[in-house]
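Two complexes, one shared chain (subunit A), two partners (subunit B, subunit C).
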Partner chain A sequence: MRLTVDGVALEVPPGTTVLEAARSAGLWVPTLCFDDRLAPFGACRVCLVGVEGARGPVASCTTHCREGMVVHTQDALAGRIARNVVELVLSELPAPPAAHTELAQVAARLGLDATGGPAAQRWAGAVHEQSHDHRHPYLAFQHELCISCGRCVRACDEVQGAFALTATGRGFHANVTAGLGHGFAESSCVSCGACADTCPTDAITERFLVELEETR
Partner chain B sequence: MSTNLIQLLTRFDGGRPTQTVIDVLKQAVADHGEVTDADRRRAAALTGLPEAATHGVSTYYDDLTQPRGRRHVRVCTGTACWAATGSDAHVGAAEAGLGVGLGCRSADGAVSLAETVCLGFCHAGPAFRDGDTVAAGPGALERILAGAPHQAVEPEWESTLDEPILIRPGDCSGLRHALATLTPEQLLVEVRGATLRGRGGAGFPAGQKWEFVARNPAPPTEKFIVVNGDEGDPGSYIDKYLMEKNPALLLEGMTLAGYAVGAARGFVYTRSEYPRAKPALDAAIARAVAAGELGDDILGSGFSFHVEVREGAGSYVVGEETALLASLQGLRGTVSARPPFPAEKGYRGLPTVVNNVETLCNVPFIARHGAAAYAAISPGATPGSKLICLNERFARPGVYEVRFGVTLRSICDGLGGGLRDGHTIKALQIGGPLGGILPGALLDTAFDFDALAAEGCMLGHGGIVAFDETTDMRALARHLLRFGAHESCGKCFPCRIGLTRAWELVEGDAPVDRAQLEELLETLEVASLCAHGGGMPAPIRSLIRHWPQELGVA
Partner chain C sequence: MTRDPRFDVTTTTTCGYCGVGCRLEAHQHGGHIVSISPALDGPANRGHTCLKGRFAHQFTRSRDRLTAPFVREHGTLRLASWDEALDRVASEFQRIKAEHGPDAIAGLASARGTNEDAWAMQRVMRAAIGTHNIDNCSRVCHSPTSFGLRKSVGLSGCSGSFDDIEHADVLLIVGSNATAAHPVAGARMKQAALAGAKIITVDPRRNDLSDVGALHCGLRPGTNAAFLNGLTHVLIRDGLVDREFVRSRVEGFEGLADLVAYLTPDVTEELTGVPAADVVRAAHIYGEARTGSIAWGLGVTEQLYGSECVQMLCNLALLTGKIGRAGCALLPMRGQNNVQGVSDVGALPDTYSTYRSVGDDATARLFEERWGVPLRRERGLKLPEMIDAALAGKLKAMWICGYDIGQSDPDSAKVEAALANLEFLVVQDIFENLTSREAHVLLPAASFLEKTGTFTNAERRIQLVQAAAAPPGSAKTDLEIFSLVSERLGHPLPYRGPEDVMLEIGALTPAFAGVTYERIGRGGLQWPVAADGTDTPMLYAESFALPGGKGRLAALPFKPPGDEASEQYPLILVTGRRLEHYNVGTMTRRTGNLELLSHDVLEIHPDDAAAHGIADGALVEVRSRNGSIQLGAHVTDRIEAGHVFTAFHFPEVRTNLLIGQSADINTSCPEYKVVAVAVTPVAVHAGAARGHAVVA
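Right after this comes the complex of A and B.
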């Protein structure tokens, strides 16, 4: 199946998503909830691209390529809206994300200042309440940094099959928790670290890595 | 929706569950007032789901998160109840009168107060539910506080058609006719030819959904008809009437759908806010099975179709079809990206038709009389008829069957008799919370999909809520956005965060930066995963357009 992405002619197998096609052409499309080890989720809405003939920007991670499709990853509306969404995400965190996190890097690449914290945001308002799980020997959870991208829950489900994590709550209060909400130590967690590995905000971290970093 | 969780369920129950996690947890709340860890573990053991998944479910639904005392009172915060006084004064009065905060239980466990949206007594708001009794209208709260509530009377429904389609009692004539004279393919052709548009809000042609599933070669035991009875729109009580007053017509419609697409099983998903719907449907199922009109070898035709009823647990977004399917299986009612569409991967990952209650109630007429007769009902407009409902502000609130294309004036003044007590219509919200708001000066607009869309409104599901001349539009914006933020499923980022930010912008009385608000609305419209985040801006856009000063935008 043939399509054009930013003027580049591509040939892809049926079932390929627009995001996969764009990335195969070496093009950058921002994402937050996407991890190529996991099934597309379509939650963050940051991977928006323009498609000629469509009613508006589409989420490239869950849109399949069609014959003759013309895609623009630099679509002005898609870019502006994606930037707004990331700005909203920064506004829900009580503290700026660490510079090495995927969130901070996506924000920077979209021209947003992720370092100022909530006070620097134009969407000042409620932020997530601080809540920490530090009782597990290897994994730590800072719930206030969770942006509900679902990557950890899906890694635990799709990659590890441990089903130790779940999304909780709804709306702005959505978050993630282990087991029955009493922390990793009292869940079916097998300490594989897949959740920490995929987390784009350091809400879940591997303690040894963090401590190693701190003692350097 | 997690493919693996669905696999775990099916591995456990072979595709024939006797109960879902939601059923187990709702029973726990009914038994001892809240969900405990022991309940979550039990739900996991009884369904085959991991414990963490049951925990996620227990934190999602209103019925599972609000504690229950020995006496449990629910207060409706729907838009019709709000419009009755132009405020949520009835909520504060209930809190003060019962001595317990919203969403709380008294220390001694005697009484609890929960928020619910909406009880479907929009014809007599504000409405309260005390145990199993729904009391509504002036004096309702006082009677509850005095310990003597009585069940509110629901007005009879009326049709403006000589031969009603939707409010005539279901008599199985369409099904008899189809089984005797039409092949499944011929029935499908009639429904496609009738251009039966979905009545749940989106208006998608039902025949097209059916065709996808009909073409799928899966055996009938692996295809499903799911009825979306999650009429969550505050201000709507149309499907409530259909499910409670005319369940036989709905069963006939879904059996016809099963016949047309080759499905042997169906589910009706009802709302816990309508406690009488499931018993009414269960009784109608028993009657239909006894009469040979449902079950094995229906009317001797060789076609078999079985129906089960499942009740939800309090969530607006569950009305979205992918969220509905998740909830039907006992999972968190969050939206999934499409594709895959339910027609391809629905209930238990199998081909599924999801249709609204009213949509399916049109099918018996089409099966009996054909597409041409159906199109002739509303000449020059959308084929068929539509049920509409009017809120308590009208002199004659109730459910009415109308032709498409009639003017809103004929509905509001003719059927509704204008507003009560000499009030005048400042505005209408049509089709639910995702519908735009039409100024009272535009009542000559036709009641049909395209005409309403031209005014930034929508036909939606057909609920009509009038706001009288005393309504403060900034307060209305607060009411709507609070609802929107509260009901966001939390899956997609723009809706999860954006609706809370929009609510915060209008929460106080401070002037709102119009450009900032409009940018936020655009972000919601363009980026949201489903119609909740995508549609909540519509009424706010209307308020900006028609009442900018009242809204306080500059």
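Right after this comes the complex of A and C.
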């Protein structure tokens, strides 16, 4: 089927998402809860794009291409919403995300000052308290960095199939836990590390890498 | 991929653990590998890997890595220079060759090393020393697979790819605990099941895939043949045979139909312990499916008739036309990262590369011309024959690379005696081990993260291995060591580096004709690779690689295994792998994986535990006709009554002391999977740690 993305005419097979179509044209669309290895989730609302004729911006990761669709990845309203979403996410963190994280990279590309500075002063309000779990030989929880994107939970389910991770809590207290909350070792975790691999913030990361950062 | 500021260099390479062949990104900082992540475009792993590939890399910088050569002097090993050690190797080989002939020397190539390493070693053995006494550890794992596949369909390799997993409506998994032994392939199978594929597991022990499967058939160890022939009976009886496929592409149907006529589901139940109704169900699930793949592991091969059971697995695919199209693969779950490749390139006593007989004059002449030396036409010794010859005093020297036969081969006490009986033993490895205790020269080698070359995974995919760190101390790559030794033996190897070796493999091996590192690239090449670089993801779409092009149905009867339970040894021991560790544990025991699993246990069914007075966690003695070991018991109903299970990862336990001499009739692959044992509680004095193994 044929569609136009940012003025580029594309032909894609049925079932292609708008995000896939845009990427195939070499266009960048910000994402946070998306991972190629996982089924599209549509939770973070960062991948919003404008579609002519639609009532408002749509999540490109879960929207399938339709014949004749006209997509604008640079849609002003979509961009504003995405920036607000990322700003809200950043505002709950106790510290700016580390430069290597996907969150920091997305924020930077959206023109947000993730590392502090004048913009950060607008982010008044509660931030997450530090809560670390380093009991596993390889995997570390840094719960204060969790942005509830659900990628770790889905990687555990959809890539490995261990079903060891669960989303817990609501609203500001939403987070992730292994098993019944007693750490990776006491859960059905098989230590594959798919959660750490997909995490966009280091809420789950490798202990070696935490130690490496600390020795810098 | 955005460059990660935490790392100095990131190198894409191929995992050196199991035969799945995950592509990895190895991240280096300050000269060390600090993290490994999966390559998103890895064909087998597709952005995933397991706790071994991802995390178990600390062994590379372990304090006890071998970093310099050692030589034996006055009974003890002392540090030596490379020159001294290599001169000693060359002069001893030359002396022994002069005194006893070249066949008094034997080599074992490592299935952990690269294709290029294995090729170089078999060239040194064949051309520089003059013997075909070269073997590798496929002897003790999938040599029966190679034999069976070559008999039934033609080529010694997977008929398709791991990608067939997602295209299969049914996965028949026999004697393989994939989520533990091949975790990434296992995860793909589990996901396939969650997406609707039907899994049938055939194993004395339930595994993770049984839990998500449509049917688990818990047969008695050693009865695979009865079960597989019983399935064949039902396929034929109930009209589940693809008649057109059998008519046009297969031969041997009548003989097979006659043979299995007596194996009704009731008879099969009697022989295997699998309920007759489940035999029928399994045959119907597999037979009625549009697509189906068969995966098997060492639970099939490591038995007295393992090679015949591989032929019986092929029978199922040939009868139902489930081969040579998407979703229909014969998928042997190869153990080591490169056990496929080391055999493909000819580190075997009877064949040159791609299984061409050393007795074949035309092939031999090709090699003679290229290498400029005469080559023998009689085959060399297989590994078990090497052990016997060493014990008999006929074999005087061995060169063992990256293969701890002291811990992994059957009847460890016999192996130890054989090694002790050698005049000269060279061990080339990354650590000292049970094999190196008797070594006269110890050569420090590079690990898979420190060398360049190629591995071939279980789907025949040749993939690039790139050094992600430098070898420690003065350790050298195997290829460098083989070159230095060969030069001293008067047969310099003409390779400037690993790629030159691959070009020579291609020049002498039609199935590798078009293999270059550039063409391998990031995606790999599945052999056969034509001269123009076209590879072969799927075999047998049109015809089988046998004279006449037809697949061969094998009419082979069920015969009882080499060992059976008796009053004195009432239980059958099956051995295998755990998720956290890898084979003899040389690498994983030197990583955080030891925190995840610090010791091994003997799994025993609650009924057997009660009958033998064994409590969960109690220390037990396991005794076979061959030896005895002690370890903790774990009472579980995951295993069928009558059987016990343990792994062989820990030198403190030395499970293989228990294994006897029974072996596959065609390939000498040891029967690790059927060993009659007695299990008795051990009186433990106060303070002994629970479950910790005691040296037998």
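Note that in this section the second predicted complex is superposed on the first by the 203 of 216 C-alpha atoms of A that agree within 3 Å, B and C clash if a C-alpha of one lies under 4 Å from a C-alpha of the other, contacts with A are read in each partner's own complex, and residues count from 1 in each chain.
As a working rule, contacts are C-beta pairs under 8 Å (C-beta built on N, C-alpha and C of every residue); 3 or more make two chains touch, one makes a residue touch a chain.
Since we're looking at a predicted model, the values are computed, not measured.
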Clash or fit (per the criteria above) of subunit B with subunit C on subunit A: fit
Which of subunit B and subunit C A:Pro137 touches, first, second, both or neither: second
First, second, both or neither for A:Arg37, with subunit B first and subunit C second: second
Which of subunit B and subunit C A:Phe208 touches, first, second, both or neither: second
Which of subunit B and subunit C A:Ala95 touches, first, second, both or neither: neither
First (subunit B), second (subunit C), both or neither touched by A:Gly161: both
Larger contact residue set on subunit A - subunit B or subunit C: B
Touching partner for A:Val190 - first (subunit B), second (subunit C), both, neither: second
First (subunit B), second (subunit C), both or neither touched by A:Gly56: first
Closest Cα approach, subunit C to subunit B, once both complexes are overlaid on chain A (Å): 6
Overlap of the subunit B and subunit C footprints on subunit A, listed as residue numbers: 158, 161
Interfacial residue positions of subunit C with respect to subunit A in the complex: 2, 4-6, 29, 34-35, 37-38, 40, 46-51, 54-55, 179, 183, 187, 190-191, 194, 212, 579-580, 592-593, 595-596
Subunit A residues within the subunit C interface of the complex: 36-37, 99-100, 105, 137-138, 158-161, 185, 190-194, 197, 206, 208-209, 212-213
Contact footprint of subunit A on subunit B as seen in their complex: 2-5, 8, 37, 40-41, 50-53, 55-56, 59-60, 315, 332, 334, 336-339, 485-494, 496-501, 504, 516, 519-520, 522-523, 526-529
Interfacial residue positions of subunit A with respect to subunit B in the complex: 32-33, 39-46, 48, 56-57, 59, 62, 64, 77, 81-82, 84-85, 88-89, 91-92, 122-123, 125-126, 147-148, 150, 154, 157-158, 161, 163-174, 177-181, 187-188
